[in-house]
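Next up: the structures, one after another.
Here come two complexes built around subunit A, the first alongside subunit B, the second alongside subunit C.
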Partner chain A sequence: MEKGRLTQRDGFKTLVASLISIVIGLLAGAVVILIVGLINPSISLAGAIEGIKIVLFGVFSTGRNASGALSFGFNPVNMGNLFFRATPLILTGLSVAIANKTGLFNIGAPGQYLAGTCASLFLALSIPSSKMAPGLIWLIALLGGMIAGALWGSIPGMLKALLNMNEVIACIMTNWIAANLVTWIFDMSDLKNTAEGTKTGYIYKTSYNGVQTPKFGLDKIFRGSQINGGIIVAAILCVVMYIVIEKTTFGYELKACGANRHAAKYAGIHDKRDIILSMAIAGAMAGAAGSLYYLSGNTEFFWSTYQSLPSEGFTGIAVALLAVNNPVGTIFAGMFMSMLNISGMQLTYLTAYNEYITDVIIAVIVYLSAFSLIIRMLISGRKKIERSKVTGEPIVPAAAAAAPAPTADAAPAAQPAAGSPAKDKED
Partner chain B sequence: MAFLIRQTLIYAIPLMIVALAGIFSERSGTVNLALEGIMIFGAFSGVVFVRIMQGAGWFAAAKADDNWMKLQGYLMLAMLVAAALGSIFSLLLAFAAINLKADQTIGGTALNMLAPALVLFLVRLMSKQNTLLLLSGDSASWFLIKKSMLGFGKNQDIGMLGEAFLNKVYLTTYVCIIIFVILSVLMYRTRFGLRLRACGENPQAAASLGINVIKMRYAGVLISGALAGMGGFVFAVTTANCSANGDVAGFGFLALAVMIFGNWKPLNVAGGALLFGLFKCIAAAYSTLDINGDGIYTLANIGISSNVYRLLPYLITLLVLMFTSKKSRAPKAEGIPYDKGMR
Partner chain C sequence: MPSEYIIEMLHITKVFPGIIANDDITLQLRRGEIHALLGENGAGKSTLMSVLFGLYQPEGGEIRKNGEKVRIDDPNDATALGIGMVHQHFKLVDVFTVFDNIILGAETVGKMGFIKKKEARKKIEELSERYGLRVDLDAKVEDITVGMQQRVEILKMLYRDNEILIFDEPTAVLTPQEIDELMAMMKEFAAEGKSILFISHKLNEIMAVSDRVSVLRKGKYIGTVNTKDTNPQELSNMMVGRPVQLQVSKTPAKPGDVVLKVEDMSVASHIHKRNAVDHVSFEVRQGEIVCIAGIDGNGQTELIYGLSGLDKCTGKITLLGHDITKASIKARGEYMSHIPEDRHKHGLVLDFTLEQNMVLQSFQDPRFQQGGFIKPEAVRSYSEGLIEKFDVRSGQGPITRARSMSGGNQQKAIIARELDRDKPLIVAVQPTRGLDVGAIEFIHSQLVKERDEGKAILLVSLELEEVMSLSDRILVMYEGEIVGEFLQGQVTAEELGLYMAGAKRQGKEAK
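And now, the complex of A and B:
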């Protein structure tokens, strides 16, 4: 990359574009809060402003002081829970990001997440901890979850690579197949929580079998929170994936496939193999997300999930878009989404509003990401941008829904292969 | 049997109308993954409108007059409102996809995330819980048409078909069928339909013949939004007791499956919707265990889990796609932003 002025660098521009998305998203949330506050007679203007404050600084909220005003400061429970809830979001984000690097839109993360959850819970609960060390069971369960996720992710990968089926549709179908399959499997299993009468809708916590993620003393720092070592595992996976994608030949091949599958094939890259592997790795990450969330030992899985998909998978799309598909960036994007989550809960506790406003903010951010290019264009003050640049965007697979996406026709031939100087020369 | 037909229709109709929504958008060249989101938003708008009418005392007045025709009129009005608001909501997709040339998959996904979030946010504010119920009564008590209303005796035998199509039915079913037929004709037998389809196949060629591609694509997405919003409300009335909870149980995605299964053609889509509706009905009939069910029990006795029937539509769609991907009639230009300069 040319070392121009800081503001002219690509990385800087993408960062600014992401920050602008965040700011507009938060603004949209604030506007909704304000409008609702003005319309709803039971909420005063001061209440609306309190709501906006919580959305922005909810993590630092320490409740209300004696005089009833909001107080802020270091809140170990919120901070710890931020890390705990960030774990699955970082990993599903990583999953979507890796697939995007290969030009695939992994909307199948929810299904892979469920596959990972299902395998992990089965392994963690059915291997008796009297016969095997819980730590070992934990490891087996995590690996099992990742393998299950990888297998589930490789299905759309295979359909895409071998039959040229559109991966978006394949992912949507496999998502719902997973949702029904998981319900079915748990329905037949004896892992339903029958010990506590009211909880038969849930699967046992893994701690029933003594299996839970070690906390590495983190719970001493963030007292009273649900934090555990999962966040460390997630961060390590992100860094490993960064190295694999950016520093190895294999990663280069994946990116080349994403930039132009046909050119990559011409250059001697096994495009089919790489597409399948990319989806499998993405699936493994989403599987790890589900595994780590439920192996924590303090979360219960609602098994009758056939009517809805886990939101973590879809938030992963937001995380990846915000991180502009940078594996390390997903750590920060995931923590930001998790922070919104925590703010949402504080909003429910402390004000007349509820946590769903933060989902609105996330949706707005995703919506803006759909045309992040326009924002980036505005930053550089450029009126026009070459066609090649437009379609060379890694986040933009030619998204012809379903069936034989005529890749050759759809994607203009001018796409530069990843890593080629065309993109960097831009400025 | 009558019960089976009736139940199947209840599930098939929203699927059919929302799949048609998908057809209109995709054949004009815009991928509409946001069907689920638009349905959720439409359902919410319709339910809110019904609540407003209830609050104004219209429903109670009509009931007091024993004027069921009037109640059906209100139902139609609510359907219209749901369609209008679904259309407005889909403007977000149209604007991003057509004007800003944004990625349509991501745009659709964003709407799918936005709709439940916004709806749940408002529902919780309005009702302090996650479900927005009617102010009084339930869906059936206000809107269900019974044979006694149509002039038959309470115990009169009107035959199996009569039972299936005239007793305990919702008017929405027939309105949706009529709309489906009219719009299918519109798509295949009018100039507008031909132009719309041209924009999804080869927009540059269409433009060279003087067709305003931007306008046609907007029309496609807006019609799509109206149909999906209406379908969402119909779903809420017939299966969710006219309540809104930011969820349509994945029907939007199932409709997407129906559309692909039906190869983007209305008649095939209607067949696909009936088939998938039947699966949904069989899966649901286990849990409801309606007494009326002759034929249902034999299915239960086979001992196949209801999960299988729920899973089948998605699996079938995937298999159909696998084997027919060569012959697929997906619109050629769908998902590709229209660029005048690209020939």
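And now, the complex of A and C:
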């Protein structure tokens, strides 16, 4: 690959755009910290600068040293927790990304996440570990959670495919149905944690039944953190989904169906079946997110969820946006979101910023980070202007005008940025 | 000193990635003339007009109005200069009424911020009366015919008192009667001093209505001629760059065995309660082109939907001895190529690349996949072959997004895909709609070639000329029924017109 050509490739532009938007998001977050710090009489300028440091490098924060200054370095707890918390975010992001790739907007990830959580907890706690190997129970619980998520996701899929009902509305409805259904199911169940008297409204940890995600030695590297093998499972699922969507005929079918249902039908593709399958796969990923989070063995499910939907589901939308719907990209986007989460906690622990303003700062960063599409447009736009400056000279031999471009990856994006009138070029 | 020209586009150059759409093009429009802009698909006509209308910024050249240089940065500037455009694909808000669409963007607002609807309505009604532009002001745009939508677009220009009117392939969507009306209207506008730019590649229309013709070819300016000094053959040669055969040359058909047999087929309509296709029976044999003629909306679309499996039908369809009445689309595809009527809806996945579209029907074929994994090299080389064989032009070859290709090349891509599937029956619905003479010549010759190789071809066409020149047998559809059947040469275009309009019909029902 010649130098310079790389920068013309779509994937590269996308990556750069995502990185730039992350940087912009972080800078904006820093500005918010500064402003809040200056307004708030209890935070000095030095405190605000500390806040900025923590937001940018919170994962590497090791607390305060003897002289009271912030110290930084490798922090195995933060690092491990980053991976642990990233796992559900990566998977809900993957869920939304897959749906988007196939022309659907899966805002139902929270409901599917709950469905997965519910099925997994039931399986993990109800199959007695005296009769079956805990590892096997874990596997069954994970698969059960994915199946439950898939079934829950396929409901809006079916409504869309068979009755042409908008999946967004159906997803929002099924989210709340899931929240209340799960609450009711656990309310009826005997899985409520009664062993620890201080707790009300919690379900047993799966470790109560000896079931937990294998750690694969990761806990040795990241001592004292909650890390487990879930991050590996999530990464594998992302790679598998990337291959399925981009490399197989099945993925081609799903994408064709999502991009133009009528053309897919015309070509003999079962459009209805494929829409349901897309949503089911997306649902399975969100289900896996819930499963892996609660199968860790050290997390407890607060069963009275009817008051709110799990935020992991909605964060998945931001993750998918940041990853520009690339299944592999969701691994990194999910980790970034998780990093913000960790930084936010550090900010609350170590500085005078309270948890609410921390949430605002995270929201600002997430919001701006999701602008990668616009950044991408700007990158392409800049290229266009550069090109037009050159065109004072004769640029391309006229004969080449109508001929196909010589090599595939040498040519820049054919389609001018989304939303430009060139979409309607038709001559 | 007032210039002779109302609009001049001098040395316009517009570049898209991988393609120079306009290469040093000069176009001068006189006051009160109808100036036709002629060129093949992808010659740069629409791009040039988009530059004039402010949708694109040219990399080189300048635009003058009345001899003075002007800048047109967006359509608002164009409107301010009195330039109006009827786009090939109408720019209307579907869920708004006709009235709302006409005033949209040019509302006269009273003191309190309310729109002065009464005055606007009066003005529109006057205009509509004066030019015979029949529209239903209170109907929603999604409910009216394309012909009426076009009248709405014309009224939009008139309402804004535009003096320069651009018509981008206005006749592509119209019935012959509507085309005649439009032509008369354009002449009337010109007589009142409005200047008209008329983009087309239909030579007979250009000969009938225009004063002068400018020809573009592959983004370059070829020349401008006075219409009265030229003829269709000369124009088409200028446009294509080589002598073009305007008539289809073919030998008499030698029909063989029956390939497709349709008996008593009915398809329910989605619009009204009656059957869109009403108890129709016909046959298509090997080695013949059977053409279904008729005015748009007489059941041709539904007939093909029923035949291809896109819609349910009753009756019996036999294809090569198999009863396919209830078969899936995929099963039917084993014996049938289908060039669909709506290339954007059915023919292409616009957001896919050209190569992905080329294998839309055949991606399951072992040539292109192994164990469920697509073979990218096989897809690439196959599409490159088709692109070359059918001369499909695009910015980046196989990896061009279908959406960014010109309409004619999109159609060529579909035709390449469908003909290459090599099925015994070819169903082609308006395969040349919106195409230029060069492409039409090519597609016609391909269809004749397929026929001579023993394929059975069912052609649906709204163009009388195409029906007359290409078909071996003609079936006329009127209100969902077949009202006439003729062998080639048995019937004149005029007589066919009477059948199409429902003024005549054969016996009870054709077999």
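Here is the rule we go by: the second predicted complex is superposed on the first by the 356 of 427 C-alpha atoms of A that agree within 3 Å, B and C clash if a C-alpha of one lies under 4 Å from a C-alpha of the other, contacts with A are read in each partner's own complex, and residues count from 1 in each chain.
The criterion applied here is as follows: a contact is a pair of C-beta atoms (placed from the backbone, for glycine too) under 8 Å apart; a residue touches a chain by one contact, two chains touch by 3 or more.
The structure displayed is predicted, hence computed values, not measured ones.
Engineer: Decide which partner touches more residues of subunit A, taking subunit B and subunit C as the two options.
Structural biologist: In the superposed model, B touches more residues of subunit A.
Engineer: Once chain A of both complexes is superposed, is A:Ile22 in touch with subunit B (first), subunit C (second), both, or neither?
Structural biologist: After superposing on A, A:Ile22 lies clear of both subunit B and subunit C.
Engineer: Counting only touches as set out at the top, which of subunit B and subunit C does A:Leu159 meet: first, second, both, neither?
Structural biologist: Only subunit B; A:Leu159 stays clear of subunit C.
Engineer: Once the structures are superposed on A, label A:Ala141 by its partner contacts, choosing first (subunit B), second (subunit C), both or neither.
Structural biologist: Neither partner.
Engineer: Touching A:Asp187 in the superposition: subunit B (first), subunit C (second), both, neither?
Structural biologist: A:Asp187 sits against subunit B, while subunit C stays out of touch.
Engineer: For A:Leu321, decide between first (touching subunit B), second (touching subunit C), both and neither.
Structural biologist: first
Engineer: Please indicate which partner A:Ile52 is in contact with in the superposed arrangement: first for subunit B, second for subunit C, both, or neither.
Structural biologist: neither
Engineer: For A:Lys247 in the superposed arrangement: first (subunit B), second (subunit C), both or neither?
Structural biologist: The answer is second: A:Lys247 touches subunit C but not subunit B.
Engineer: Identify the residues of subunit A that lie in both the subunit B contact region and the subunit C contact region.
Structural biologist: Dual-contact residues (subunit A): 387, 395-396, 398, 401-405, 412.
Engineer: Give every residue of subunit C touching subunit A within the complex, in rising order.
Structural biologist: For this pair, the touching residues of subunit C are 13, 15-21, 23, 41-47, 50, 55-56, 59-60, 87-89, 218-220, 308, 310, 328-330, 333, 338, 340, 345-352, 356, 360-361, 363-364, 368-369, 372-374, 380, 387, 393-401, 403-404, 406-407.
Engineer: What residues on subunit A touch subunit B, complex-wise?
Structural biologist: Checking each residue of subunit A against subunit B gives 32, 36, 40, 105, 107, 159, 163-165, 168-170, 172-177, 179-181, 183-184, 187-188, 306-309, 314, 317-318, 321, 352-354, 356-357, 359-360, 362-364, 366-367, 369-371, 374, 387, 390, 393, 395-406, 409-410, 412.
Engineer: State the interface residues of subunit B toward subunit A in the complex, per the touch definition above.
Structural biologist: Counting only subunit B, the residues touching subunit A are 26, 31, 33, 92, 96, 100-107, 109-114, 116-118, 120-122, 124-125, 246-247, 249-250, 253-254, 256-257, 260, 305, 307-308, 310-311, 314-315, 317-318, 321-322, 324-326, 328, 330, 332, 334-336, 339, 341-342.
Engineer: Could you list, by residue number, the parts of subunit A that touch subunit C in their complex?
Structural biologist: Residues of subunit A touching subunit C: 247-250, 252-253, 255-256, 259-260, 262-269, 387-388, 391-392, 395-396, 398, 401-405, 408, 411-416, 421-427.
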